[in-house]
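Two complexes are shown next, each including subunit A; its partner changes from subunit B in the first to subunit C in the second.
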Partner chain A sequence: MKENLKSFFKKDGVKSVLASLISILVGLIVGAIAVFLVGIFKDTIGVKGAWEGVRIIFAGILSTGRNVVGSLTWGYNAVNLGDMLFRATPLIMAGLSVSVAFKTGLFNIGAPGQYLMGTMTSLAIALSIPSDKVPTWIIWIIAFLAAMVAGALWGAIPGFVKAVFNINEVIACIMTNWIAANLVTWFFDGSVFCNQVEAGKTGYIYKTSYNGVATVKLGLDKVFKGSQVNGGIIIAIVIAVLVYIMMNKTTLGYQLKACGANRHAAKYAGIKDKRNIILSMGIAGALASAGGALYFLSGNTEFFWSTYQSLPATGFNGIPVALLALNNPIGVIFSGIFMAMLSTVGMQLTNLTAYNEYITDVIIGVIVYLSAFALFIRTWISTRKKEAVAKPSEDKEKEIQEEKTNERGNE
Partner chain B sequence: MSFLIQQTLLFMVPLMIVALAGVFAERSGVINLALEGIMIFGAFTGVLFVRTVQEIGLFESAYLNGNWGALQLFEILAMLVAGIMGSVFSLLLAFAAVSLKADQTIGGTALNMLAPALVLFLVRIMVNQNTLMMFKGDSAGWFMLKKTTFGFDKDADLGFFGNTFLNKVYLATYICLLIYIILSIILYFTKFGLRLRSCGENPQASASLGINVYKMRYSGVIISGFLAGMGGFVYALTSSNCSANGDVAGFGFLALAVMIFGNWKPLNIAGGALLFGLFKCIAACYSTLDINGDGIFWLKEVGISSNVYRLLPYVITLLVLTFTSKKSRAPKAEGIPYDKGTR
Partner chain C sequence: MGSESEYVIEMLHITKEFPGIKANDDITLQLKKGEIHALLGENGAGKSTLMSVLFGLYQPEEGIIKKDGKEVKIDSPNDATALHIGMVHQHFKLIEVFSVLDNIILGAEDTKWGFLSEKAARKKVTELSEKYGLYVDLDAKVEDISVGMQQRTEILKMLYRDNEILIFDEPTAVLTPQEIEELMAIMKNLAKEGKSILFISHKLNEIMEVSDRVTVLRKGKYVATVNTKDTNKQELSNMMVGRPVQLEVKKDEAKPTDVVLSVRNVSVMSHIHKSEAVKDVSFDVRKGEIVCIAGIDGNGQTEFIHALTGLDQVSGGTITIDGHDITKASVKEKGKYMAHIPEDRHKHGLVLDFSLENNMVLQRFQEKEFQHHGFIKFDAIRKYSQELIDKFDVRSGQGPVTITRSMSGGNQQKAIIARELDRNRDLIVAVQPTRGLDVGAIEFVHAQLVKQRDEGKAVLLVSLELDEVLSLSDRILVMYEGRIVGEFDSKKVTAQELGLYMAGAKKDKKEA
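This part shows the complex of A and B:
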């Protein structure tokens, strides 16, 4: 049994998962400490409020509000869980986008811009094709695919300047982000898509359900009653599996990974490195913009169009999602859901306590910071395990050494 | 024309000083993607300092008596505080990048996520809104240099030079320019500067000559943090009325682009910052821009959408980078963690 455990901890995958779990735990603890300290020093919150804040940080997904006495209640919360899955959808897509680029050795910080391009394209198409002539599900598919194409083209721009002009993709991505934000604002500024029916919603685009277009629910709304969840999460998971197959079972995936491991060696081996860099960023762009499309084609979300001053956080959060999953497409599903859980926890904090949702961003920041030296944590785990295991098995090692000396003697 | 020059200076100086911050980190071999985050943090601490001191009433009498010397001292103190806290914050990056040999791009991204989150979390708890302002008054009233500050009449004509550089300006702008010149000289004409640059090119060779690469990289990042933190506060002071809301409008990233555009050299960076400052200025105030002083707002009357002007700085950055990329030469060892064992 002990032997099994030892080899279990020696596996790279297990080490990686452990490293991610440690990052998450430390992130949560730092967040809890911040909440606790702030609570103690702020007399309007006090120790009681601080303790409530800490409990929500760790288990906010299961909080159901407050009872008549005013203390927190806990239990199964269908709305929370459903909304968590709904918010996880774009996060998983953004995470996939970042991880595909990572595997090719590129840091795709351009996911926010690609996400915006996908949002713009999908909304424009879903709202402009007349639904009385074309079935809504066909409109949905056209909008979704068009968003992916737009995102692929937009994502390929930084890839192109990287491959041809050797410009750092980080800078190129940041520039395309802001260009996208301005383009989207320009496109929607004064257009027919702006909501002019509902009062107080002039800053927003119509929901796609205005044109009858909405993502299919696939019965998920019955499981999580009252939440926004829809079939988008299933689509995201299917895409994640497809990306996994593409990266690990196809020639294309092999070529992309080879370029990431060593661009020059890949070129020497006859792989077209420039083409693959552009392609990788294109795929990344398509995935991120599919996230935007899935979020806004749901039929119950509204897009704030005057976005030139800020970039969508969902795109940036693709980075921690990918890092936590160590760029494994299947892992991205779980880390995406985890990040969505954090954002749900943030909402609970704002609604139920004197704290605000930004503490969850602090937690995410800490997690990203820790995953920067994931390698360090992984080595730390393996050395710890060695020390712990070394003592009981000293005799065995001796035996092995004796055997070896015997063998040498025999030779 | 005066207005154009003044506005351009307002955008140019933070860009310049933060780009120099990037130079100090990258020339020592550490990619500092966290400039934006450090700026945000510096702006927050600077504004918080101003607010707290005002709350205590320390410079109250100086303000009431119009003792502008004391108020300028107050401004310089706030800049110092922002710079020092920026350094402290950048230690997080230095620790990850130098001591733990972590991925510098991800470490920088982490700080960029951490800073606005932390700032907004604290600001919201402190004042129950998303913007931390001065306790009383505004930055123009407390810190701006005006004609009346120097004892001139409000309508006095000081000539082109006086009108442009002595009226409605901030001392911080000139201090930043001075620091920029001094630090550029240090980087190029002192022993310390040479050693720092060598660590960004070939740290192993530097180490073989007895230079402590870790120490040099730490100092590079700390200087970088100081400049970025100070630049963040200067931006908040001059462009957003001394308030902090966890956002510096992408200036840190723009500064990075300016740095790459300027080929990691101070003189070129100054030129790049001038170009981008000009375009940022046009984007921000094209509708009130009277270039030759004949009362015609030319840019407004052309009738181009405001979105175009806002788009321009970024498009031009990308295009300029594309055309200058052939000449671009980054420090050779930037982004590679220094390991004593490798040769």
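This part shows the complex of A and C:
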């Protein structure tokens, strides 16, 4: 039994999950300490308020408000849970985008730009195809697929300059991010999609529900009554599984990983390294822009383009989501949901206590920051486990010794 | 035992344990002042660990170290440096983007008002490099210079610090025969000047030539310390391996038949300098022979092999294999005709973070045998790699799933050789296939290449080691400054003759 347990903890997958969970826990604890400290030194909050803050950090997703005597109440909160899943959808997609690129040795910091391209393409198509002639579900599919194509092309640009001219993909991605931001503003500024129905609104374009296009609910609206959740989360999970299969079970994934781990050896073996770099960035772009499409095709989200001077945080948050999941596509589902939970918790903290929204953001930042130490913690677990192994058999001794010499040499 | 001051360094009963394994088990090593003391053992015998203990990188569990008879504690390389112990590591510790001079003075820089003052340093390094014949381009960046020159930089670094005890960790692995001879002379000179040298090696020729005494280690244990003049190569190698070893390459007369590889007027541009690294090279390799391109490192061999195997483009000429023109073919296309054991196994040969089994199918994962509609057949890969592992005796911690990075150099090389030879191509290109390997592994690699030849394969070997060139090949081509300057029958040429051609002192008139 003990042996079974030992071999269970030796598995790579288990190690990774354990590492991510420890990271999250450490992040939450440090975040809670920060909440507590901020609280007790602030007159408006005090020890009581600080303690409430700590409880919300850990379980805010299940808080249902305050009762008549003013203490916090807990229970099943369908709106919170549903909104969490809704917000998790684009985060999962952005996380997948970053993790696929990471596996190919590329740092896709271009997810915000790709996300915007997906947003623009999906909205433009969803709003311009007349819904009285074409069924809305067909419009939805066309808009979604077109967004992925647009994102793929946009993502392939940094991939192309990296592969052919060896220009660092980070620089190219940052450039394409800002080009995308301004391109989208320019496009919507001159478009017919500006919301002119609701008085007092400038800079917003129509929700896709204006045209009758909305992501199918798949019954999730019944489970999470009153929330914004829809079938997008299911689609994101299915895509995550597909990405997992692609990266781990197919020759395409093998090639991408080979290029990422050692481009020279891949080239030596006859793998087309340049093609794979472009392809990887293309896939990453398609995933990030699918995230934008899933968010804005929901039917009840508004896109605010006017003076769009900043890049969408969702795209950048793909980076911690991927890191926290150690670039495992299945792990990304959970880390994406975790990140969405944090933002829901942050809103609870702002709504229910005297903490203001800025300190809430700082605390979330601390949690995310510490959570991203997953890789470090995984290494720590591995070395601890190695030290614990029993004395190996005679003929293995030499190998281990060689391994040691080698490791030292590789430092 | 003599007086205490006879030994400049004593390592007494050193035991160093790693989790589950004793890397050094009660090892004693005594270094006399002014002697060259060789430390002999296979890869993994514990030589590097012992030297790391002396250099302060590891702390031993048991045992003491004495300097000049007084016990000392060496907790870090800084302590070692303070005791004037210097080390040239097997894997260089150089900063690639710094110049050679900057690397040499790193950590011991002279400053003037807070600014680097390189003038004195440059003078000292130049003197040292002239005195010992360690020629380097002081202003070149380390990433641009050859491995041999990097090694010389490391040696200069140690000399620049006026070290008294010099540890050479396999210094000759990358040097040319001439350079090795020069190095041997340098080492003897240094010893004459009173410096004490610890020379780690598994090359018996060098040990016999240069050392005064030899300490042999095997599997972490002390075997013996002998006077070099009282022993011989066979005895040393038997002590090192623990069984009688075949030192000479055993092979019959070559019976070459049809031409496989035909190279005509090939030129290749250099990436570093804007000139041709390979100029107008022509030769043939036939079935059933081992042809070796010999030459000093940096005379165009690497560029030629890169062009031949498709990692680079030729700038002129044609290459055909079995009558197919493959001059401009892709790496994959060329791979249909040739197997390639690359020079740099970490850079080109293996994806170090992949498992052993994934490395075994690096070129073949797209073949029907290993994939179905783009989905990898993991069972087939496992079975195939297990077969190769058994056939070529590739040893690793966890078999097919071992991460390649954790394997020893010798077994990494065995894995590459297994993969390449099993592809069963007419031409085998082997570039320095025994670099950094110990006697046992070299024996294996040589035997495999001869076996391939006898099975009717054409073998093109590139080697910097004269011993290997002479003993393994049937025909020798000497490359100097990008040209083939001589062609020899390996049985009719002497090392001295080859050396002259390699150094550019002699040239054959080129036949049409």
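The rule is short, and it goes like this: the second predicted complex is superposed on the first by the 355 of 411 C-alpha atoms of A that agree within 3 Å, B and C clash if a C-alpha of one lies under 4 Å from a C-alpha of the other, contacts with A are read in each partner's own complex, and residues count from 1 in each chain.
The criterion applied here is as follows: contacts are C-beta pairs under 8 Å (C-beta built on N, C-alpha and C of every residue); 3 or more make two chains touch, one makes a residue touch a chain.
In this text the structure is predicted, and so the values were computed from the model without any measurement.
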Contacts of A:Y369 with subunit B and subunit C, given as first, second, both or neither: first
Which superposed partner A:V14 touches (first subunit B, second subunit C, both, neither): neither
Contacts of A:L183 with subunit B and subunit C, given as first, second, both or neither: first
First, second, both or neither for A:I319, with subunit B first and subunit C second: first
Partner chain(s) touched by A:A269 [first = subunit B, second = subunit C, both, neither]: second
Contacts of A:Y254 with subunit B and subunit C, given as first, second, both or neither: second
Overlap of subunit C and subunit B interfaces on subunit A (superposed complexes): none
Subunit A-touching residues of subunit B, taken from the complex the two chains share: 33, 92, 96, 100-107, 109-111, 113-118, 120-122, 124-125, 247, 249-250, 253, 256-257, 260, 305, 307-308, 310-311, 314-315, 317-318, 321-322, 325-326, 328
Sites on subunit A touched by subunit C in the complex: 249-252, 254-255, 257-258, 261-262, 264-272, 386-387, 389-392, 396-410
Residues of subunit A defined as touching subunit B within the complex: 34, 38, 42, 107, 109, 161, 165-168, 170-172, 174-176, 178-179, 182-183, 185-186, 189, 308-310, 316, 319-320, 323, 354-356, 358-362, 364-366, 368-369, 371-373, 375-376
Of all residues in subunit C, those that touch subunit A in their complex: 18-21, 23, 43-44, 46, 48-49, 52, 57, 89-91, 219-220, 309-311, 330-335, 340, 342, 347-354, 358, 362-363, 365-366, 371, 374-376, 395-397, 405-411
